[in-house]
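Shared between the two complexes below is chain A, which pairs with chain B and chain C, respectively.
Entry: the complex of A and B
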């Protein structure tokens, strides 16, 4: 359904005296999702994960430069094609309620999304009502304004909005952040249902535990680079994880060793080496100077000189 | 000791109690956990304990004296969204020095780089800004820290790093620490003691819902997790970088 090869996103900005600087937010990201699958992208908070969703939808700011390939159903995603697919075949469950129009009643926004997805106008009312039932939203919420919704409800409205038009690729950006375990479990279960009904789901999150509850595979992302692609099952014990950063991330969970470290993302983006070299126990000079290639290792992928 | 006795709070007379009849005490050097789903008034309790909100009944005492309303408050709060707790137009250097300039050793311990001082809050990541807020909260007069879902937006490595630093500081300075989180694994890991005061408080959740929706939620039986992020609770968060 979706294939991303060597995607890079950088931003140019003008600072002091019109000096042009280029900051690289995503460097060589690779990713594949098939129908029926949830692929989670996990990694540092603030590590440019949301940009990935924006790049897929073609809604990056104008000073962004994108290189590399994005294929949707085998065809390249051009700006024009993105505009045609956005909200129809590719839909976003955004991170926050601010994506809803504050002045339009919730039901109308869902109906709008349904029409955009190709549901004929006269059927859109029924589609909205079915979407509300499906996501356990009281029919009275149809006439509410966004500000009247609480966190959990808003999340369900956003999910309804993204799915009502029958999109085949769902991008969920931090769908569980700020939710308590009950609401977050519900949101994740909805994503699983969508995948089980044949959609492809890209779950972008900082919460590795949430990702492991529903994802089939995980792409581990740090300093703008894919470091590992692993099956969810690989996280059951320390042994199978391929990359030192993934092992550190897994080990940092309160239920595991709870040992922390923060890769200094800023310094990484500049030198060409491995993003984890500052904190990696195995790091040496090669790691500092040269970015490792992404290579295949026991049914997954890893980017490390010494894996 | 930080002592709360029979605390009760609601936003307006006609609204239901959010915090009602809560007793809680935290000794210096003690780490206390407050778990439970959102919408049960945990954040509101933290704000009352930290002096951000005035209780309608009951009292908060710090080491025997009532909570001061002026000067630096010995009880400091840290929130889930550090970007809402700082003045967006101040540079990091100014934010850090708001109460008193933090010693270099503390900045080192928290991994705060001097290169950040010239930057604005939006130029730091969530984890970096949270550490800045932490450095600002830990002054010579700080006796108690209340951390409200402080690391729930952060990845596991950043989360572990921040808590390790807090645990060291708290131990060295014999501070009392309240950890509010819905992550029970985190609470188990950190705390000496857990107070389940919100586990059985079914009435407190519908508090802030706007009028008709409140009834609706009651009818549909889905009230208990809905208070989470709605406006009245978030508007009183300090947006200007003013600390009590």
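Entry: the complex of A and C
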């Protein structure tokens, strides 16, 4: 369904006078999703994960520069194709309630999304009603304003908005942040349902525990690069994980070794080396200076010189 | 909002209006009593040489000017409380009748200028905001900044010179042709005379609302909900003209109602330049010719006018914004 090869996103801005500086947010990201699958992109907060979703939809700010390959159903995602696909075949579930217009009744907002997603005008009312039922929202909520909703309800409305148009690829951006465990579990269950109905779901999150509950595989993303792609099952024990960073993440989970916090890796690797090189027990000068290639290792991918 | 809240709200507003009117009345009375213009001199005008000091004293006595200011104030306030604003010395008519007839003339000027500047300003602001940093946006901004720093009277004179004198399209002044009375003039003639002052006030009034709307539009285009709309496949124009219009219009409506005070001030200047016989011109005449009852009456009237504008803005905001109209949370 979706294939991303060596994606990089950078922003140009003008600092002091007319000096143009380029800030790189994502340097080399690789991932593949197939229909029926949830692929979780796990990375630290502020690491540019949301930008990945925005890049796929083609809604980055004007000063952003995207390079690398993005293939949707085997064909490159050009700007023109993105404009035609977004809302129809690729949909976004945003992070928080602020993504709803505060002055428009939520039913109307879902209806607008339905119209843009290609639902014919006279069927949109029914589609909205069905979407509300599917996500256990009272029909009365249709005529509510966003400020009247609780956090969990708002998240269900956002999910309804994203799915009402029947998109095949769902990008869920931090869908569990700020939710209590019950609502969070419910949101994740909805994503699983979507995947089981044949859609492809890209789950962008910093919460590795949440991701492990529903995802089929995980892409571990750090400092702007993909460090490891592993099946969710690989996380059941320490031994199968390929990259020292992933192992550190695993070890930091309660119920595992619980060894303590994983050091915050560089946003962008220093000297062009591995972003985890400073804190990695195995690192040496090669790691500091050279970015390892992404290589295949027991049914997964890893970017490490010593894996 | 339930009935009790509405009654309490209106009662509170009314109480505030009374306090405001009392304060403005006192303050303006004090100011007027220190005015260097002697009402008797201003009244007799050129005839000042023909009347004796005794006759002056009679006029002053008749007007109560021989009494101390506090006593005069109390007497005036007492009459006010009974709804008696006194007699205008220059028009020889009750103050309220003068204000009434003058306000009707001004009303059309202000209403026209207010609605044109509001609609035009809002449209320009939306367009500029939707096309941020484009040539169109720069043009609109340039226009708005220029107008925001242009004095109304100067603009009026430029308009007069160009349209009335150079092109000869519009009359030089007045609200109807010279030699006719207001009642004799046709609607067409009156509109013809209204055109230039209304255009002047509108062109100037556009600036503030356009700049404000532009800011709000840009804010809306950069908001999270606009980004989400874009992710759903909405275009920038769709976001601005379909999704964000309400968010932008709300503060604009408030601003437009709250600007009634400025409109009043602008009308005074424009009416002076165009010799338009409205309330603004009556204000200037009352001031210069020492017509104290009329001047104070107009001050109180404009207080009421501006207060009403602000209250309307407040009420409209409450009606249109669901967040403060008292809608309860939903049950899941």
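We adopt the following convention: the second predicted complex is superposed on the first by the 293 of 307 C-alpha atoms of A that agree within 3 Å, B and C clash if a C-alpha of one lies under 4 Å from a C-alpha of the other, contacts with A are read in each partner's own complex, and residues count from 1 in each chain.
Definition applied: a contact is a pair of C-beta atoms (placed from the backbone, for glycine too) under 8 Å apart; a residue touches a chain by one contact, two chains touch by 3 or more.
A quick note: this is a predicted structure, and the numbers were derived from the prediction, not measured.
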Check: What is the contact status of A:253 with respect to chain B (first) and chain C (second): first, second, both, or neither?
Finding: first
Notebook entry, point to check: First (chain B), second (chain C), both or neither: which does A:23 touch?
Noted result: neither
Next item on the list: In the overlay, answer first, second, both or neither for which of chain B and chain C A:102 touches.
Entry: second
Notebook entry, point to check: Once the shared chain is lined up, is A:10 touching chain B (first), chain C (second), both, or neither of them?
Noted result: neither
Next item on the list: Look at A:179 in the shared chain and tell me whether it touches chain B only, chain C only, both, or neither; answer first, second, both or neither.
Entry: first
Next item on the list: Look at A:138 in the shared chain and tell me whether it touches chain B only, chain C only, both, or neither; answer first, second, both or neither.
Entry: both
Item checked: Touching partner for A:150 - first (chain B), second (chain C), both, neither -> both
Next item on the list: Classify the contacts of A:208 with the two partner chains as first (chain B alone), second (chain C alone), both, or neither.
Entry: first
Item checked: On chain A, positions contacted by chain B and by chain C -> 138, 140-141, 144, 147-150, 152-153
Next item on the list: Using the touch rule from the top, collect the residues of chain A that touch chain B in their complex.
Entry: 42-46, 136, 138, 140-141, 144, 147-154, 177-183, 206-209, 248-250, 252-255, 258-263, 265
Checklist line | Contact footprint of chain C on chain A as seen in their complex | finding: 54, 57, 59, 83, 86-88, 91-92, 94, 96, 98-104, 112-113, 116-117, 137-138, 140-141, 144-145, 147-150, 152-153, 161, 165
Next item on the list: Over in the complex, which chain B residues touch chain A? Could you list them?
Entry: 37-39, 80, 111, 125-127, 152-164, 182-183, 185-186, 188-190, 209-210, 212-213, 216-217, 219-220, 222, 225-231
Margin query: Considering only the defined contacts, which chain C positions touch chain A in the complex?
Written below: 223-225, 227-234, 242-244, 246-247, 250, 321-323, 327-332
